[in-house]
Structure formats: C-alpha cells, structure tokens
Amino acid sequence: MLLQELRTAVLEANLELVKRGLVLYTFGNASGIDREQGLVVIKPSGVDYDDLRPEHMVVTDLNGKIVDGRLKPSSDLDTHTLLYREFPGIGAVVHTHSEYATSFAQAGLPIPPLGTTHADYFCGPIPVTPSLTDEAIGGRYVHETGLAIVNHFRQQGIDPLAVPAVLVAGHAPFCWGKDPHAAAHNAVVLEAVARMAYRTLTLAPGHPGVSRALLDCHYFRKHGTRATYGQTS
Amino acid sequence: MLLQELRTAVLEANLELVKRGLVLYTFGNASGIDREQGLVVIKPSGVDYDDLRPEHMVVTDLNGKIVDGRLKPSSDLDTHTLLYREFPGIGAVVHTHSEYATSFAQAGLPIPPLGTTHADYFCGPIPVTPSLTDEAIGGRYVHETGLAIVNHFRQQGIDPLAVPAVLVAGHAPFCWGKDPHAAAHNAVVLEAVARMAYRTLTLAPGHPGVSRALLDCHYFRKHGTRATYGQTS
Amino acid sequence: MLLQELRTAVLEANLELVKRGLVLYTFGNASGIDREQGLVVIKPSGVDYDDLRPEHMVVTDLNGKIVDGRLKPSSDLDTHTLLYREFPGIGAVVHTHSEYATSFAQAGLPIPPLGTTHADYFCGPIPVTPSLTDEAIGGRYVHETGLAIVNHFRQQGIDPLAVPAVLVAGHAPFCWGKDPHAAAHNAVVLEAVARMAYRTLTLAPGHPGVSRALLDCHYFRKHGTRATYGQTS
Amino acid sequence: MLLQELRTAVLEANLELVKRGLVLYTFGNASGIDREQGLVVIKPSGVDYDDLRPEHMVVTDLNGKIVDGRLKPSSDLDTHTLLYREFPGIGAVVHTHSEYATSFAQAGLPIPPLGTTHADYFCGPIPVTPSLTDEAIGGRYVHETGLAIVNHFRQQGIDPLAVPAVLVAGHAPFCWGKDPHAAAHNAVVLEAVARMAYRTLTLAPGHPGVSRALLDCHYFRKHGTRATYGQTS
C-alpha cells in the first residue's frame, strides 16, 4: 500500500481529534504530505471515525488529483492542498470545528496571546481571516478559503511556522505542523487556549495580551535551538 | 409486533439523545411516523432510558389515539402529532431540554446563523416562537405548543425542511428530520450550534450572522441535488 | 441494624450526587428521617464516598443527639435537623456545593423561573437567604444557617413543598424532598436549572421569568392530583 | 532507591492532577520535599503521564542541583526550589495550567473569597503577582517567577500557610501544601473555586466577597486546633 506510514499517522491524528473532544460526528479532517513524492494523504469525506482504517485514506497530488483511494476525499481538500503549496515548511494540516476556537472565528475576533500557554505554542495572536466576498463564496469556495488564509499571513507578515493556526472568519480553525501528530497536538492546544481566552476576555474585556518579551521567552523555551523543555534536546 | 423497524429506530433516536448528553433523567422524547399507515411511534412517558425496549414504544394515530401499547405515551404527544399533520414532509420529531438551546428558548432569542456549522444544517436562523397566552396555557397546552410552532413558521415563511428546528419560548427546542436518526442528529448539532452561538454572542454581542451567500453555499453542500459532502452522492 | 432501609436510601442519595457530578471529594451530604421514630440518618463527615457503607451512616434524634454510629456526623447536621423540625412535610435533606447553584448563592441572587424545566420542579423562584450577621456566624453557625432558611421561607410566604430548594447566601444550596431519592433528584435538577439560568441571564440580563400561568401549568403536570406525567397516575 | 516514599507521593500527586482534569498532555508538575535531608523530588520534563514511574522522578537539592535521576527535571524546577527555600512551612508544590484559575491569572485578577467553598481552604483572596518586567523575563525567568510570588506574599503580608495558592500574572497558578497529596488537593479545589468565581463575577460584576467573619469561621472549621470537620480530630 502506498505511503503506509503516513496513512497511519494521518488516521491517528484524526482519532486524536475525536479522543480530545474536538470533533462531533464526522466533522473535522486531518491530512499529511510526503514532500519528496509530492503526495497528500487525507481523510475520506463523511465516514464514521469508528470505521476509519488506513486503507480508507485518500492519496492525491498537490493539485488534489486522486492518485490512490476509492472513497471521496474530505470536502475541504482544496484548502489543504493550497496550504501545502504555499506554506512549504508544513507537513500536515488539521481542520476542526472545535467549539471555542470556532466561536472566536464566528465572532470575527483573533485570539490575543493572553498567557504562557498560548505563548508556548503560538508566537503571536491567532489571526482571523477577512470574510470571503460573495463572489469567492459563489466561486471555488474551498480553494478561496485557503487563499484567504495564505493572503492574510502574507499581508500581515506572519510566519506560518511561528503561528501554526488560523481562524477562518465565520467558519472554524485550521492548524498545521511538521507532521500529523504535531498538527493535531496544535489543534488540541489551540482549543484549550481558546477556552481560556474566552474566559479571560469575558472577565477582562479588551485585555491587550502579554508583553512581547514574555511571548518570545516562552515560545523559544519549547522551540528552536535553545529549547529547554522536554527530554529530547 | 406492529412497526417493528420504526419502533427500533425511535428507540435508537432516544438513546442517541442520552449518549450525546442532551437529556437528564427521563427528559426528552423522540417519535417517528409511518406515513403510509398514518401511524406514529413515540417514547412512553417517564420511563428510565436504561429500561426502554422497542415493545415499550407507544403507537398512535395522527390524532394521538393509542393504537398499540400499554404504557402512557410521552406527555408531549399532542405537539408531535400536530407537527406531523401540518409538516407533511417530516418523518420524525425530537424534543429535548438540551441546555444551550433551551437557554436561548428561555431568553426568547433566536439563534442567528453565525457560521458554517450552523449553515451546514439550518438554512437560516433557528426561530423562537412567541410566548403562549395565558388562555393557551390554561387550555390544550401541549396542542397549543405545536400550534405556536406551525403558525410561526407559516407567518415567517420558513420552510420546515430547510430549518428543521425551533425554540419554543420559555420551554425548549423541537427538531425534526426525514427519519428518527436524522431528527436526533439535528438535535445534537443544534445543541453544538447553540453552544457556539452562546460564546460568539457573549464575545461579540449583537453579531448579525453570516452573509446569505455563505449560508446558501454551505447548506447546499450537504443538501439537495448538488451536494458534495459524504460518500453517497 | 437500626433503620437499615433508610440507611441504604441515604447512602444511595449521597452516591447519586457523586454520579451526577454535584460533589467534589467529600463535599456535600444527604440525610433522611424516619418520622415515626423521630430519627435522622445522615452521612458521616469527611469520609471518601468510595468507602461509604450503610453501617457508616450516623443516626441522631431530632436535636442532633447521636443514637447510633461510631463516626462523627456531617458537620452540617444542625442545619438538617432544624429543617426537619420546622418543615414537617419533608423526608430528606441534601446539601451540595454544586457549582452553578453555588454561583447564584455566592452572587446573592435568586434563580428566577425562566422556563418549563424550572417550572416542572419548583413552583416559583429559588430563593436566596439574607447574609448571616457576624453575630450569627460567630455563634451557632450551622444552626443559624438553618434558621436563616426557615425564617426566609416564613417571611416570604414560600411553601417548602412547592419550592423544595434554597440558596444560602455566600454558601451553597440545600434541597429536600419526600425521601432521599427525591431530594437528590431535586438537587440534580436544581443544578441543571441553574446552568440554564446562568446562560439565559448572561444572554438576556434582567429577564423577569415566565408567566405565572406557565409556572402553575407545568408544576401541576408533574405534581398533585391532576398530574399527567409518568406511568404512575 | 532514594526517597522511595516521597517519589511515590509525588507521582500520585501528578496523577491526581490528570484524573481531575487539571492538566492537558504533559502540562503541569508536582514536587515534594524531604525537609530533613533537604532534598526535592520533582516530575521530569515533558514525559507522558501514562509512562511515569517513581524511578523517573528527579531528586535535587534545594538549589536545584540534581542528586539522583537520569531525566531532566521539570522546566519549572527553579520556581519550586525557591518556594521551598522561602516558605519553610510547606512540604510540596504543584503547578498546573488549570483553565479557570489560569483565566484569572491571564486577566491579572485575584480570586476574591466569594463563598464558603473558598473560605474552607483559602483564608483570603487568591492573590495575583505583578507582571514580570522585561528584564526579569529576559533573565533567570523561572527563578524570577518564584521571586515574584514570594515578594508579593511578603509585601502584602499574606501567610502562605493560610493562603496556599497564587496566580502568576499572565501565566497560571502555583499551589502548595504540607505534602504532595495536600498540594494536589488544594490545586483541585482552587480550580473548582475559580470556576464558581468566574460564574459569580459574570452574574454579579464587582462582587466584594464574603465578610471577614464568614471567611474566618469556615477556614477554622477545617484547619487549626478547633477544627470540627472530618473524622481525625
């Protein structure tokens, strides 16, 4: 079977989302990419998570053309492939309607960095895209969603590796990472960060977020060449 | 046993409500209809969910007359039968006091379409009925509840197939669908939508909801002849 | 063993509170009374729920004098016994720090009847006592807590059988019922009602509650001689 | 193995935090001290809780020098050791990002004593430290975190044994106690207290908290020589 290992990793990422309470029914999808072969592995559309097996994963090229698989790929495929084409440093994409992050996306509000939990994972606010125009919605909607993400990061000068998550206005979050496990982990942490931001902002409306110094300090404790957290360095 | 298959489907819908955390103790009830025979199958009143078996379901005609069953039907039967008579396109009705949807019903507020999760299932706001008059409450209360729902949909020009849910003011939601499974599924999604709407509206009071274009786009991805979601099309 | 059946019922009520998420660690206590013998059975103080057995229950008379049992009774005993003496129609008392009801108690706010879930169980607002004076707190504090409840019901003309719950200001709820099972059931429903009231009031601040007609209608569907709910009438 | 009993107690405290829902992934850490030997036992950094065994715990002296253990200690070690040096009456320290307490820390707000649940454990508000300066953040950040706690308690005249918890601004809570079990217990109760304070303050903004008399009364029911709660006195 093509890309056996990546299929398993993508399946596990999808199941991690279920286990952590981020998806209801078949909502949500994860994918991963083999950069050498230029192939994307993604969850099929609308299949019960209980029934998912590695062989159900769909393999496409970077333009979304199916290379292997008998099931239809996730309906959000075109957003995933666009992110892979435009963010060459990422290895996996996760999309959920996790409820607190989605509430910020629905409100059209970014999640400011309010504390070190945020700062450990996201080196700046979680941005929210502008709303899609009616033309974009009526056109290649799923592709336009990806375009809105990429354009927003470019225009705001945000590094997708330093801020591996975005809120699509009126929709829900997309997250990414170096592999499916990391992307799912980021999605789970994003939801925890969103829960705490919701409560912080309802206690202290208009809170500006922590200082740049604290943000940098925490992010670089966990990431980069001077990381001090965990057993691997 | 009469209507064996529908009894089982109605029982499963009731149990799905429990599994998803929508009911406390014996609150809530689901029913289904066999349109050919004009017979309704409904949960009995006040029986523990653990003890429910297909043979406990109560079968009535469209006027609520018991045709089969030794237990008393759900006390909300008259609302169910009225909805079946007036909304000929529906095949099942579910009533719960799921907590977030009920909170909107208690507040007398509709749930505006704030994002694509809503738009995937409900093609417009979840409406809230006007309050019942004291006369209606003192009269055939359960029947009047159904009447308030039906009149509100007619007066507002809402298609019950495009918006398969309503909030009864000061009470709780009713949902419906083509069969008991779909009606329970709609009730579960409604509660998730209500949770996110609660948080969105407390973050961004007075949010007007997403654009008509986004609402239509998402609804028709999952419904109708051009649906692109899932494996069945 | 004295009062074997009541001991078991009191233990089961205590465990129901744990099962429904109303107590943390050893917080909370339930008791029941044998009116013929004038004996109260109550949970011991500070014992892990996992270890509780019927023989650990403490039996006291109506003045709190221990008649049977080697463990210390719940530190709230004097509130329980005072309620039994002053509310002769009740058969059991339950005290928890269930979190939403406690939040209203801490805020010093009654829970208004905002919908039919409330109206099915409580025929009016859940009242909140006035704060205890420093003298009362420094004196027989647990006794004074019961006195504040009883005095408030008398002064406000509230029937404890129609409204089987109270919020003690700055403390937490007490509930009661005809037997330990009913009192625990009321405590569980009170917490659900409080959760929904919290969300309703944050969505619609200052909501006045449902009409008197709806309140009466629902209460008498479940209680009294014209009850239509359940299988037992 | 050195300090076998304390290692086990520290491991159990860490697992209690997981069981009670206070930690996500590997967030959070607990430690304990053997005052006679002047040795600290602390969780290793970034190891899955499922894999933790007593022999994985790291033993250090009071300055954080590793005495026994092959894994890296928790990255928050320097805060723990500073607290042990400066608060000689404490026997264990627990740090979590439990979500409601962290939301208050992020908001920069203390948790006022709003009811008896709080007063049973914390004899006054849960204080929040001032924000760290950019210099402190850029310096020995983890040490400076401990210093901010200790200085705040000194300047405010707060007894760490009467108020065994603090919120570090923009970060999260630290709790302590006489042993690892008590410190974890305090962390669990703090989170429950924070949940209720959040709801109380959103229902009744600006609530000043309970009277001094109630605060003292409840605290001394559970602590000190006149305690009346539980079976041990």
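In this document, chain identifiers A, B, C and D correspond to the written order of the chains, with residue numbering beginning at 1 in each.
What we mean here is this: a contact is a pair of C-beta atoms (placed from the backbone, for glycine too) under 8 Å apart; a residue touches a chain by one contact, two chains touch by 3 or more.
Predicted, not measured: the structure shown is a model, and the values here were computed from it.
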* Asked: Which chain's C-alpha centroid is most distant from that of chain A?
  -> C
* How would the chain B/chain C interface be labelled, same or different, where same requires over half of its residue numbers to be shared? -> different
* Taking each chain's centre as the mean position of its Cα atoms, how many Å separate chain A from chain C? -> 47
* Structure fact -> Per the C-alpha means, the centres of chain A and chain D lie apart by a whole-Å value of 33
* Hunt down the residues of chain C that sit against at least two other chains at once, touch-wise. => 202
* Looking at which chains touch which, would you call it a line, ring, star, complete or other? -> ring
* Structure fact -> The chain pairs that touch are A-B, A-D, B-C, C-D
* Inside the complex, what are the residues of chain C that reach chain D? -> 24-27, 44-47, 71-72, 75, 97, 99-100, 102-109, 131-132, 134, 137-138, 141, 170-172, 198, 201-202
* Please name which positions on chain D make contact with chain C in the complex. => 114-117, 185, 188-189, 192, 195-197, 199-200, 202-204, 207, 210-211, 213-214, 217, 221, 228-232
